[in-house]
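Working notes, beginning with the structure itself.
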Amino acid sequence: MSISFHSPAVRTTNDGVVRRRAVGHDMDLDDGLEGAAESAMKDPTLHVVTPGELITSDTAFMRGHGTYIEQEKVLSSVAGVVDRVNKLISVRPLHTRYTGEIGDVVVGRITEVAQKRWKVDLNARLDGILMLSSVNLPGGVQRRKQESDELQMRTFFMEGDLVVAEVQNFFADGAYSIHTRSLKYGKLRNGSFISVSPGLVQRSKSHFHSLSCGVDVILGLNGYIWVSAHVSQDLEEIDTEQVYSNKNKEDITPADRESIARIANCIRALAQNFVFINATIISFAYEASLQYPLKDMHKKEVMRDIAVEATTAVDNMRG
Amino acid sequence: MASEPTNLAISPAFTFSASTFQKLHPLEYFRKFASQGVRPDGRLLSSFRPTTVHYGVITTADGSAMVRMGGTTVVCGVKAEVAEPRLHAPDQGYLVPNVELSPICSSAFRPGAPSEQAQVVSEQIHRVLQESKVLDLKELCIEEGKAVWSLWVDVVCVSYDGNICDAALTSVMAALSNVRIRKPTYEEGVVKVAGVDLLDDENSFRLNLARTPLSVSFALLDTDLILLADPNSAEESISQGQIVITLDETGQLCAVSKVGAASSSQQLLKQCIERARERSQELRRIMNQEQ
Amino acid sequence: MTSVADAVVPGQRLGHVQEFNAGVGTYSHQNFLYASVVGVKQITTISSDELPVLSVQRENTQSAMPDIDAIVTCKVVRVNPRFAAVNIMVVDGKPCTDDFQGIIRVQDVRATEKDKVKIYNSFRPGDIVRAQVISLGDARSYYLSTAANELGVIFGTSVAGGSLVPISWQEMQCTKTKAIEPRKCAKPM
Amino acid sequence: MPGLISPAERDYILKGIECNIRADGRQRADYREVTLETGVISQTSGSARVRIAGGTDVLVSVKAEIGPVQVDPETGDGADKGQIVCSVECAPSASQQFEGRGADDLNNELTQMMTRFLSNSTSNPSVSSTASAGAGGINLSKLCIIPGQQCWILFVDALVLDYGGNLVDAVFMGARAAIYDTRIPKTEVQDLGDGQFEFEVLDDAEDTEFVEGRENMPICVTLNKIGARHIVDASPLEELCTEARLVVAVNRSGELCGQQKGHDGGIEPSLLLEMIQFGKTTGQTLIKQLDARLQEEADADLAKRQRGEPVHKLGFFAQ
Amino acid sequence: MDRKRVAGPELSVAPLVEYPRDHKRWTPQDEQRHDTKRQPEDMRPIYLKTGLINQANGSAYIELEKTKLACGVYGPRPGKRTGFSGHGVLNCEIKFATFSCAKRRGHMRDPQEKELSQILSQALTPAVRLDLVPKSTIDIFITVLESDGWGSCVAAAITAASVALAHAGIEMLDLVAGCSAAYIPSGPSIASPTPSATDATNATGPSLAPRIFMDADLEEEKYEQGAIVLAYMPSLNEVTHMLQSGKAEGSIVSQSVEHCVEACNKIYAVMHHALVESVGENK
């Protein structure tokens, strides 16, 4: 048995490094935000505001997300960090739910089976909708939906199942319509689930990664992440009947489990230290984590060290 | 696909088992029996169900009784506690009857606040006790203006099969006659009594009940005015009204109530009262036998 | 048929899986067969090359509840263009203690010409309907179908208050006024 | 709405526990890191905040108030005793499952459990048992001010701010820490003769007493039976896989101070006895480490006070 | 204020009880048990009967001398819970009648009864094949008419409810028997009715092992330093619930668990008899 008790600590300078890194990355990525980057550079202590707080009384500015105007002053409507792009002022909230775009890869959990559709928790304001017509039914891609399928929706997905899918459309009320009409989408197996803040998952070309340590990672843009044992990616060979299976593969070894746990803990460490998450940094974090025993990885200090080391490694790589 | 219309037009060609038929057409089902002069449970229209009374079944209560009327079982327990008297009646105690129709006794009752029926029965019993002056509340005085006994008379229905009125009132009267209150001593706002295990005739007293009203219920089936004595729950659910006659041991009427939409002639009412007289005498005999 | 009559209660060990096949009222656990209801143990031999079936004849039947493919008798409580809402009162000839809710969706009313079905011309509130359970349905209702000859309205009351008798599989006539009302009738068995 | 989990996740967790590698890399007997601080709420007589890495966050406060003693009319017991009144409440924001009335049953369960394990009355409300004094450890007689009249009532209120599994252990750790932190003002009783008494509460901050018997308070170890094994400190997903749960309350000297099975599964008697034994030894270690931590904090605070430095608590600004 | 019931005084209390000075109460040091008929390891005789509530799908009535309670099972019937579930729900509600205890109880379910309801459903669920009754609820209602000992009352409720479930024809894996025991100190220092709390227990507790009184009644419970209620499935050999309160050494707890399991096997025979008897009656 092991347990450790600690007193709480104030944020150390180390944290500061990590946090500024995160902001820096954001700027690197998006050229359109150069103004904001500039302002962040000018004022390294971020401008943090709370709801109702005055941002500026200069009438020249325009009101963006997370702000409102009262008596010609721009006030914050959320708790967050002020972003300025030219004359546009907006506030990035500290905590946010997922706001997506068409084409995003997301991981979700089925919460309800309704008539001809599933409701899916996507970490967004509203549950997403997966229509029966938006899934591949067993028996081939070309198989058409039948009336009997409507009566046995639970044989495909039932409450609690995890799926990886793509955002297909928006409904009028802002709910996302998602689809799994590709063999890379569908039910998730062989691993474990992590939830991080949706803002931390970086948009990239691919969200399906097979890491060198034999672990597959699906980085859902909604902050839901699936870490699992590696399965061969030969899509042609996947039997459509198996798409809806609930069975994990038999040969997950203890070593696989350790690697999965290690990767999952690395992602938690990065998320806890507000570092953007992508396949590269996960690999570096994994390298950095190898010096610690697996069971120590839930310790706060260890997590911070891993995050710092991983960010430094990424910086070094970029020169 | 169409069937021969002549064949179908004559009579409904669907047959059911008795239990299914009763579920789908309870009234029709009952009428088929009533036309033969009997009820589905084998009784005649005017007969009552076997009734038993047991006294002192609950030792944690100061008085108790259990009454079974056919499938209906009720337990009444009386608890005596000390309370401050009302301002306008400083020498009178409290007599508080309540009937609990909890979900254990029938699927018709759901958990939560008392159902309408439970409220009606509680109120009926409350009124009979009060207006027939069954108990002089001055008997319950401990120290005038300071402390009086409060008798909590709670009826729990364990199994419900109709006619809760009669069963509940019988159990209340039986339990009240079974009550023994330990003689209290009053000193500086503190009321003391002897331990329950030391209870004897010396240190306790019984209630002096002025009269023992008992009720007898009948259910009414509207159009042909079928009168059903001691209705069970299936009969209650199809009846359009109920007549409850409450009488004391001298045969004096204590209360007559009629609920429901069915109308009844004067003659019918007279008939009910006559039947009720006989029945209440029989009930009293049962009560006395056990005691 | 051989039989050994014996009263058993749930959890009572009845035999080994190598000796018997599990029948109704029993379950197997770690190579043994146990009773799952109160009743009388029965052993039925079907043929010599198969294991005899061990079952328990229930003493008290469980309160009836709908199951897929069961034939139910229900009462229509509400209709709208998409479905008729019903209370399921009897399942396979056994009355339910409390009514279960079900719906007959417009596409499940009859087997042919589904597009032409109008709920209002098939069922009215108060009708007694014989139907079949096709799905456990959603959180609230079971899904029922009347798409077979012997399924549909078996008893109804006309607008005038008279009882209705079927004159064809989609019409019924009032016994009082002789007025004809549309219904999805069940063919008497 | 109960939490949701997919069959594949359940299987993965079950097999992981079987080979002693849990989804987050811990072994079956490992606790997560616990962060603890006492004295975080200044208005209370004692308080503590306990956080388990991974989410669970519990705030416990103790408030000492003066009230009438409770005397059993049948036996006359309780005339010379103070009281402990426990309450546990889960904030609706702590988990989606707690929204609306979702936490009602849990609040009641935890409140009753705490009442049973901490305050000295037995499970039976109609009997105030004379002999069972001492299961909760605290000396109730010392809390009596004037026998038959006035006593101290300790209100122990636990507020669950965030849910990340293993609430029971966290709540009891918090309760122990908060009672440890509690100081009750001294009272002076004057005998006016004729059975009349008067008392005065000394309002000097130095004239306070610790709760006597605080070191004998029990702590809880929750064992979750998953498959044929049992684990401690389960995560929310692990709790969803739990077939049966055993809460073992144990005090410093290894006496069992209450046990309760939870969840809808059964346990074989031999396994049950093994779990009780395991809970007992684990609990003793837990108490030792928790007490060491509490002592450390108390010593540090004392040292600061002696040097005349102000004692700052991080409270809610802590990381 | 409760407007749906006949109102009594807002506040009423039980009178104080006074015993004469020379009154001798039972103490654990007495040779015999409180009711003088049993040894510490003996249980009270159990009277158990099915089918007393004719409107219920299944019912049972149990009596352990003064302890009396009735149990009714309704269902499977439509569940009121929102959300689809492939498994049925076992819902348990227990209510002590207002006159069932020495102290008068309220009409509403109090927090204790709510928790007890949860405990009962946890104790019974492992035995019921809820997978066979999707979307439905099985309601178990228990009314305690008289309670002579809290632990024995909970144990009796489990036993009765399990028999009532079987009587309702509900498919089960096994019957669940409930049993209780109290740890009563045998040391002389407890002889005084009000020992001075911890001092007394600390002085004698560890040195003198308490005795285990099976199926303790109210008078014995007054002296208990701890108690246990255990629910057990005899055929499957599984403990479905355990609730231990008060302080005890591990060895006493293990011992009491073993005693209770043994006792449950005896209670099972009574349950078996009551159910088989009902088979005969209906014939």
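Some points to look at:
A, B, C, D and E label the chains in the order they appear, each numbered from 1.
Note that contacts are C-beta pairs under 8 Å (C-beta built on N, C-alpha and C of every residue); 3 or more make two chains touch, one makes a residue touch a chain.
Predicted model only: the values in this text are computed from it and were never measured.
Under the touch definition stated at the top, chain A and chain C share these contacting partners: E.
Using the contact threshold fixed earlier, the set of chains in contact with both chain B and chain E is C. Graph distance from chain A to chain E, where chains that touch are one step apart, equals 1.
Taking the CA centroid of chain B as reference, the farthest chain centroid is that of A.
Using the average of C-alpha coordinates as each chain's centre, A ends up farthest from chain E. Contact tally for A-D versus D-E: the pair with more C-beta pairs in contact is D-E. The central chain of the assembly on a C-alpha centroid basis is E. The mean-CA centres of chain A and chain D are about 36 angstrom from one another, to the nearest whole unit. Chain D and chain E have centres, each the mean of its CA atoms, that are 26 Å apart.
Mean C-alpha positions place chain B and chain C at a centre distance of 39 Å.
Contacts with at least two other chains are made by residues 13-17, 74, 77, 82-84, 101-102, 147, 233, 236 of chain E. Taken residue by residue, chain C touches two or more other chains at 96-98, 138, whereas all remaining positions touch fewer.
Looking at chain B, residues 107, 195 sit in touch with two or more other chains. This structure has the following touching chain pairs: A-C, A-D, A-E, B-C, B-E, C-E, D-E. The touching residues of chain C, counted against chain B in their complex, run 73, 75, 89-90, 93-98, 128, 130, 149, 154-155, 163, 165-169, 173, 186-189. Residues 113-115, 147, 151-152 of chain A touch chain C in their complex.
Chain contact summary for the complex, chain D toward chain A: residues 4-9, 11-13, 15-16, 19, 21-27, 29-37, 49, 51, 53-54, 232-233, 237, 281-282, 285-286, 289-290, 292-293, 297, 314, 317-319. In the complex of the two chains, the chain C residues touching chain A come out as 107, 134-135, 138, 143. Those residues of chain E that touch chain A in the shared complex are 83-84, 86.
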